[in-house]
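Structures for review follow.
One chain, subunit A, links the two complexes that follow: it is found with subunit B in the first and with subunit C in the second.
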Partner chain A sequence: MNIVKLELLKLKSKSRGWLGPILVFILIMVAFPLTIEVSNKELGQSFFSVLWIAILLVMMLATEDIFLEDFNDGSLEQFAISDINLSYLVGAKIFIYWLLIGVPISFLGSVFCMGLTNSIYLASHLFPILLITSYIFINVFSFGNALSLTKGSVLGTLITLPLLLPLLIVLGKAVISINLNLNYLGFVTLLLGVLSIIIFIAPLIISYIIRAHLE
Partner chain B sequence: MYQVSRAYPYIFYFSLTLYLLSIFWGLFLTPEDFVQGNSYRIIYLHVPASFISQSLYMAMAIASAIFLIWKVKLSVYLVRSIAPIGAITTFIALVSGSIWGLPTWGTWWVWDARIVSTLILFIMYLGLISLHDSFSNHEKADKFLSVLVLVGSVNIPIIKMSVEWWSTLHQPASITISDKPAIDLIMLYPLFGSIIGFTGIVTCLVILSSKLQILKRERNKSWIKSYV
Partner chain C sequence: MHLKVKATNLSYKINEKKLFQNISFALFSGRAIHIQGDNGSGKTTLLKIVCGLTNQVKGDVELKIDKKICYLGHKNALKQYLTVEDNLSLLNVVNHPNLTKYLNEFGLNENLDTNLSSLSFGQQKKIALLRVFLNDSDLLILDEPCVGLDQQSQDHLCTFINNELRLGKSILFSSHMPLNINSEVLNINS
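Showing the complex of A and B:
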């Protein structure tokens, strides 16, 4: 629990780390309607494509230095040789990032959805999907950034983005199902299934990678 | 390595002959397709390339698991040498699919689950090469490469099943283990021949590339000096 608190304090004290990605997300969502001079209905149609890409981009930016500062100041090395399980620390870090960045962005995504599609139904059903998706994205990008820890986030993104693209197809299908009032719970269950695997496996793999970096 | 060096020219020439014969059979001795006309004949390049591009990734995943579990260095050399060959075969699959798409679908490219997932596979191969090449410490690079290959292997069933799971322009597989082939036998035999021949050619390229990789990575070892 102390590690979770410590990570929370660390991220909270660094407003660039958590507020920056949220503001970038707002800017993208505000900027995109300016580029299309069409009726509100058509805006709603292109909204979801922009939303998923914006979330991908923002999560990528948010997790860019998730392990880098701790790696550079030696904290990760201290954790690695201490009694604390490194995968527990990684899991806590990812959870805090989701709590401070993923949850607000999911909420804002739903708000923008309501504003641009004029549908409370769509926005309220989108919110849980956004919550699950943002957690998956943070886990996967953390994995990529752990691999490219000292090599910059471009490499991390290049190697992890392809892993997320099949998920975008599922998200697209889920939104279509909600839009058409069809049963979309199958997609939510699939996303939850993916999340429940990633949530346990990602910290283990990332801690293995970090140990390899520290060798 | 000595036995492999002796064996692979025979495998290569046998596979090349088989592939060329199958191509000749497929291009000149099989009849025109009722629906697609002559354009279907690109199947003798497209199907082997697609099959190999996915199979090579699975081979990399198995080799990566062997490296991570049993620390067998040769298996990670194999992974590194397969990556560029996998990228080339995936590229061939994409280009030949595109050429086949024009007369069949009326377009070079569609944003279709199977096609996009194959493009993702191509980018993944390039990503693996970039990751490995960006570390000067080979031991670290080997570990990271193996982890990424294993994690990325989740995409292979998605590519394979994309034609079943999503409504797509791309036709489902013509040959499956459980069902009767959806393709006529006269077209099927050269297709089998081309798949086996292409697999043999690519296997030889993998052997050659692995050999180069071993020589490069073990160049400071005494056994290499005595071998060379």
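Showing the complex of A and C:
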């Protein structure tokens, strides 16, 4: 079974799977300034906290049934016995999810940043950080959902969410550095380092977990 | 005749309950083995062990196949929200020269644009069987392939399997129904 074709057909026939999380993200970002009565400057300061939490929640929502449907209908069995390594298929699936959900949300995050902080400089520097972060989030939540494949996604989220807390600290520091015009490349390198490890390890571990579920 | 599958002393247990013990068989090209047994005796587990989906507790499975395994289990691996044609494209069989022939035989040629969820269980099973019919593998593993099929479709399946055996393919299947397939019987109850 061709996984790229499968995900593209899903995109065509089941738009709520990818459009839903994007709409939820837009709703959070639009609703957040409406709930507080503050000046533009204060709005800009609290924007980033809301942005990171919104991305975290939306990625959690987007990956909720990343493997569940394929597990229930037997597609995962077919992937597992195909001549292509299961970890490549898992990696491809995560990449497609990032392409369909992570990239648009990163772009929208930058647009909202520009709108709320009135800074094109900040928005343009935030975009690559958002791309990297969303990819890390999708990988980690996919791991959690694979772990709790037959037990519901809440358990997986509870296990994986604490793993992302150090990342939120790094993201906060990176934004402060960009705001103060300091060198923030160290933080980007750190995020890239985390991504480069996770991009190989997560699909490998997930493929072992899926095989254990299939037994 | 070439040896395709050799299973030696396979044993499996779940939570200390032994499902089967010391099952051995050899499957050659052009031969079929019909696995029989009561409900819960481990027929599906045995097929999954041969596929590599489940690990045996004891014993060894040796596969000597050149192409991939074609496996049809209890789950059809079809997407309910896609049309029949989209599902077939996922199986990479849309351009297969024999596709129209089998669709006609199964009476599905007018359902190509229909959503799979609108089809009956038996019709969905027939779509899943197209994966088997249009496959390019030398080992077919079928778990209860006749469940949900009408008599005519069962006959098509048996004819197809007997033809494939003549072409040198190896087939391992489980079924509660007696099927008109030239096969050896492996009863795992005993």
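Operating definition for what follows: the second predicted complex is superposed on the first by the 208 of 215 C-alpha atoms of A that agree within 3 Å, B and C clash if a C-alpha of one lies under 4 Å from a C-alpha of the other, contacts with A are read in each partner's own complex, and residues count from 1 in each chain.
Rule of thumb we're sticking to: a residue touches a chain if its C-beta (ideal position, glycine included) is under 8 Å from a C-beta of that chain, and two chains touch if they have at least 3 such contacts.
Predicted model, so just to flag it, every value in this text is computed and none were measured.
S.K.: Just checking: does A:Ile120 make contact with subunit B only, subunit C only, both, or neither of them? Give me first, second, both or neither.
M.R.: neither
S.K.: One more residue to check, A:Lys151. First (subunit B), second (subunit C), both or neither?
M.R.: first
S.K.: So, A:Ile169: does it touch subunit B (first), subunit C (second), both, or neither?
M.R.: first
S.K.: Once the structures are superposed on A, label A:Val30 by its partner contacts, choosing first (subunit B), second (subunit C), both or neither.
M.R.: In the superposition, A:Val30 contacts neither subunit B nor subunit C.
S.K.: Touching A:Ile209 in the superposition: subunit B (first), subunit C (second), both, neither?
M.R.: first
S.K.: Output check: A:Ile159 vs subunit B and subunit C. Expected answer is one of first, second, both, neither. What do you get?
M.R.: The first partner, subunit B, only.
S.K.: Is A:Leu9 contacted by the first partner subunit B, the second partner subunit C, both or neither?
M.R.: Only subunit C; A:Leu9 stays clear of subunit B.
S.K.: Identify the residues of subunit A that lie in both the subunit B contact region and the subunit C contact region.
M.R.: Of subunit A, residues 215 contact subunit B in one complex and subunit C in the other.
S.K.: Over in the complex, which subunit A residues touch subunit B? Could you list them?
M.R.: Against subunit B, the touching part of subunit A is residues 143, 147-148, 151, 155, 158-159, 162-163, 165-166, 169, 205, 208-209, 212-213, 215.
S.K.: Hey, which residues of subunit C end up touching subunit A in the complex?
M.R.: 48, 51-55, 68-69, 71, 73-82, 86, 89-92
S.K.: List the residues on subunit B that touch subunit A in their complex, please.
M.R.: 113, 116-117, 120-121, 123-124, 126-128, 130-131, 134-135, 139-140, 143-144, 147-148, 151-152, 154-155, 158, 166
S.K.: Could you list, by residue number, the parts of subunit A that touch subunit C in their complex?
M.R.: 1-2, 5-6, 9-10, 13-14, 72-75, 77-78, 80-83, 211, 214-215
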